[in-house]
Each structure stands twice: as structure tokens, then as C-alpha cells.
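Input: structures, listed below.
Both complexes shown next keep chain A, but they swap its partner, so chain B is in the first and chain C is in the second.
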Partner chain A sequence: MSDMMDDMEEGGEGVVKKFMFVNRKAPHGTIYALEGLEVVLISAAFDQDVSMVFVDDGVYELIKGVNTKGIEVKDFSKTYRALEGYDIEKLYVEKASMDARGLTEDDLIVDVTVLDSNEMANLMAEQDVVISY
Partner chain B sequence: MLHIVNKSATERNSLDSALRMATKGSALLLIEDAVYAATKGSVAAEKVQSAMADVQIYALGPDLDARGMSARVLDGVKVVDYGGFVDLVTEHNSCQSWL
Partner chain C sequence: MKIGIMVSEGPYNHQASDTAYLFARNAIEKGHSVPRVFFYHDGVNNSTKLTQPPQDDRNVVNRWSKLAEDHGVDLVVCVAAGMRRGITDDILAPGFRISGLGQLVEAGIQCDRLVTFGD
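Right, the complex of A and B next:
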């Protein structure tokens, strides 16, 4: 990140790299999902090429119809809808992960691109930076 | 014996261990990320389904709500609130939390 900031300070334009944030955790059992989302929102300030992917239990982060009143924690599921406003529009979900959990695109709170595992692997391989939660 | 599981069955093996050790007539309470195992269509649901013959399965309602999973609960799973959680603990002579 420090290289990136130096580039931006020196050149003005800066270098645009492909960043992928990989989400693999269910939303409330650990802090990873919420913290990962916060990092993605921060990354938007650096005008990078950001992709957000959801695999394994990470697909549970995007489920709609959430009500967190009973467990008294923040419902951050609606924040995924705000990503578009930060120009983070590349959201990908692995089909096998949804299938293993009985989920379809209709269960998700945002529009996503569904990829098979090979497509996901290729997308991951072409990134400059991969950050995983 | 009341077995309590709080980790996702598609991330950890604590549900497998709990079900392996649960004797006939015992109870299993799914809380936190473990509630996903009680939802229709999940690969973990098959394990819960086949355990139902011998073990009564419960899931904590507020944790299902917080995960948007309340409408997907498997038939035969009893949903309890926090008061029900306390009742289960008092009704059984011992508890095992599979952390």
C-alpha cells in the first residue's frame, strides 16, 4: 500500500492495480466479514481496480432478509448495497459455494456475477494483489 | 446431555464431532454460525437430518434471524429463543459446548 501512496503523491495519476478481496467467512460469528467490508470501503478512496469475491461461507454475507435485533449487533448486510456508490461494482460469487448451501442469486441482497470454480480461479490468478478474510 | 455447537459446519468439524458423540435421546442445540447446518439445501443439513432419528435438534432463533435464515429451517428442528436456551440447559443433567 505504501508504494501505491508514493506513486499517487509523486505522479498525481498513480498506478492502478487489480485488487481482489476474498471473503470466506459467515457474517456474525467472527469479525472478519465486517472488517473486510470496511477495508474494501477504504480501498475505494485509492481509485484502484477492486473486485470483491465471495466463496465458501462468505456467500452467507450477502443473504437478504437479515434481522440482527435479537443478537444486538450491527446489521451491515445493507452496506453491500452501498458499494456501488463507491464505484465497487465487481462482485463475484462462486456457484459451487452457493450450491453447497442451497442458495441462489435470488437469495442475495446485491447483484453479483456468478462464476464457476475455473472462472473464479482465473480471475484470482490475474490479480496484482489478493487480500483474503 | 445437551450438546451445543457454535461453529459453521462448512468451516469446522465441531458438528461432526458432536453428532458422533451424541447418544440416543440426547439433544443438540445449534447457535451462532452453527445454525446454517439447520437450513434447507445446505450440505451440512443432510447430517442434521440423519441425526434427527436419535437426537432432538434445536436452533437459536435470534441467530437464525441475524443471518437471514429463519424461513429456511429444516422441518423437525425446534427453534428456541434465549429463554428456551436456558430451559434446555436446566432440563439436561450436563452440557457439552463443542467450541
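Right, the complex of A and C next:
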């Protein structure tokens, strides 16, 4: 923070913004989901109003019964259950994304709020910062 | 307006870094400020001075360095993503520095907009 540019010094302390992290990718195949989760955990330390959204293949990040032994990569699906411990409790899933993949809330490892596409759009419109990957 | 930028793809393979650079340069020319660009995921690969593109192509890395030199843009490379990909202090091009993800969150808090470039 000490390296922050001068013109960014003002108004940094105490500001609470609505941060939304949009998870659009399957948990494996690319690194976006894993590295994205790292930003979410860091954001918790900044006392921001954080929400996570799962759309498109991103809904696969939350499915039960993941086993990565066969592809020899780290299984980080348990991390989603630990989010509550970081006070990240606003998890939203788009219904159309689940429907398209034959998934229901029962298939997911965490409690989520299911939104239709219009509700999701409205929620996104309310945010100050949307980080998508 | 203060605009923060995140770049999440590497150079040449993907247009994200080019588009982010053009966006940043034009925003500055129009009177906005771009205090920080944060390089994440494969975007960290934009920071290495070891790249040697052909003479007749644009130099993605050097363009970022020049933007930092001319306009004081803070070019921050994520330490964790960088370590995974072999990006260390001794191969950084001028103007880049390695730091943590907190710098991205901080840019989101302090800038009026945070614009992400990637897939």
C-alpha cells in the first residue's frame, strides 16, 4: 500500500464497496477458478461487501463428489465450504446455468441463493466492482 | 475518472493485453488517470523482459513499460500467479513490480472503475 500512487491516497480507508466475483469457468481445465478463489479470500481481509456468483460452467465449481486424482491436480472444492469462515456468505447461482447442466441445489456442496437471469442482472447492476473470470 | 485495470491473459497468444494497453493509453490521453494495472492469471507473463518479438511486430512488454514511465502507471504483477509461472524480480521489465492480490482489491476500492481484460 505504501507504493500506491499519490492520487489514490484519498478516501481509501473505511470505504466499503460491493465487490462481486463472477465465476464462469469449470473448476478444472483452466486455472481461473483456483486463482479466482485466491482473490476472493484476500478481499475478505479488506472488509468489503463481497458476493460470489456462479454462472455458465462456473456452477461446476460447486458440485459435490469432485475427485481430481485422475487428472493429478489439487482438489480445492473444499475451499468453497470454508468461505463462510471468511464472512463470505453471499453465494448466488444462476438457475438457467444449473438447468442447462442438469444440476439442482442438491448437487452443490454449499448453500446458495438461486436467481433467475433477470435477478442476476439486477444484482450485477448494483455492484461497485465486478471481477469476472 | 480513476480507472484501475486487470489483465488476465498473457501477451501475443491473446488480445487482452493489447486491448487493455490501448484502453489505458487512450483513457489517459482523454484526461482520465490509470493509477494501476494489475496482472493476474497468465497476465503475469506480460511482465518479463526476456520476451523478444520479431522486429516488425509490436512489443507488448515494452509498451507497458513506456506507459509506466510516461504516465506513472503502477504495473503490479501478482506474486502467487507469478511464482507459478516463473516470474521473479530479476526478469521484470522496467516499471513492473511484484506484489500481492491485495493490490487488486485496493485498486477496486480506490478507483472509480475497475476494468478487466481477459476471457
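Everything below uses one rule, namely that the second predicted complex is superposed on the first by the 120 of 133 C-alpha atoms of A that agree within 3 Å, B and C clash if a C-alpha of one lies under 4 Å from a C-alpha of the other, contacts with A are read in each partner's own complex, and residues count from 1 in each chain.
By definition in this document, a residue touches a chain if its C-beta (ideal position, glycine included) is under 8 Å from a C-beta of that chain, and two chains touch if they have at least 3 such contacts.
Owing to the predicted nature of the structure, the values given are computational and were not obtained by experimental measurement.
Residue contacts after overlaying the shared chain place A:Leu103 against chain B, while chain C stays out of touching range.
Judged by the touch definition given at the top, the superposed model places A:Ala26 against chain B, while chain C stays out of reach.
Contact with chain B, but none with chain C, is seen for A:Asp56 once the two complexes are overlaid on the shared chain. Of the two partner chains, chain C is the only one that A:Val129 touches; chain B does not reach it. Look at A:Lys64: by the touch rule set out above, it reaches chain B but stays clear of chain C.
In the superposition on chain A, contact of A:Val39 is made with chain C only, not with chain B. Touch criterion not met for A:Lys74: it reaches neither chain B nor chain C. Taken together, the two structures place no residue of chain A in contact with chain B in one case and with chain C in the other. Contact residues of chain C toward chain A in the complex are 2, 6, 8, 33, 35-36, 40-41, 72, 74, 80-81, 97, 99-102, 104-111, 114, 116, 118-119. Across the complex, chain B is touched by residues 25-30, 56-57, 60, 63-71, 73, 75, 77, 100-103, 107 of chain A.
Within the complex, the chain A residues that touch chain C are 1, 3-5, 7-8, 11-12, 15, 17, 19, 31-32, 35, 38-39, 42-43, 45-46, 48, 128-133. Taken in their complex, chain B has these residues touching chain A: 6-8, 10-11, 32-33, 36, 39-43, 45, 61-63, 65-72, 81.
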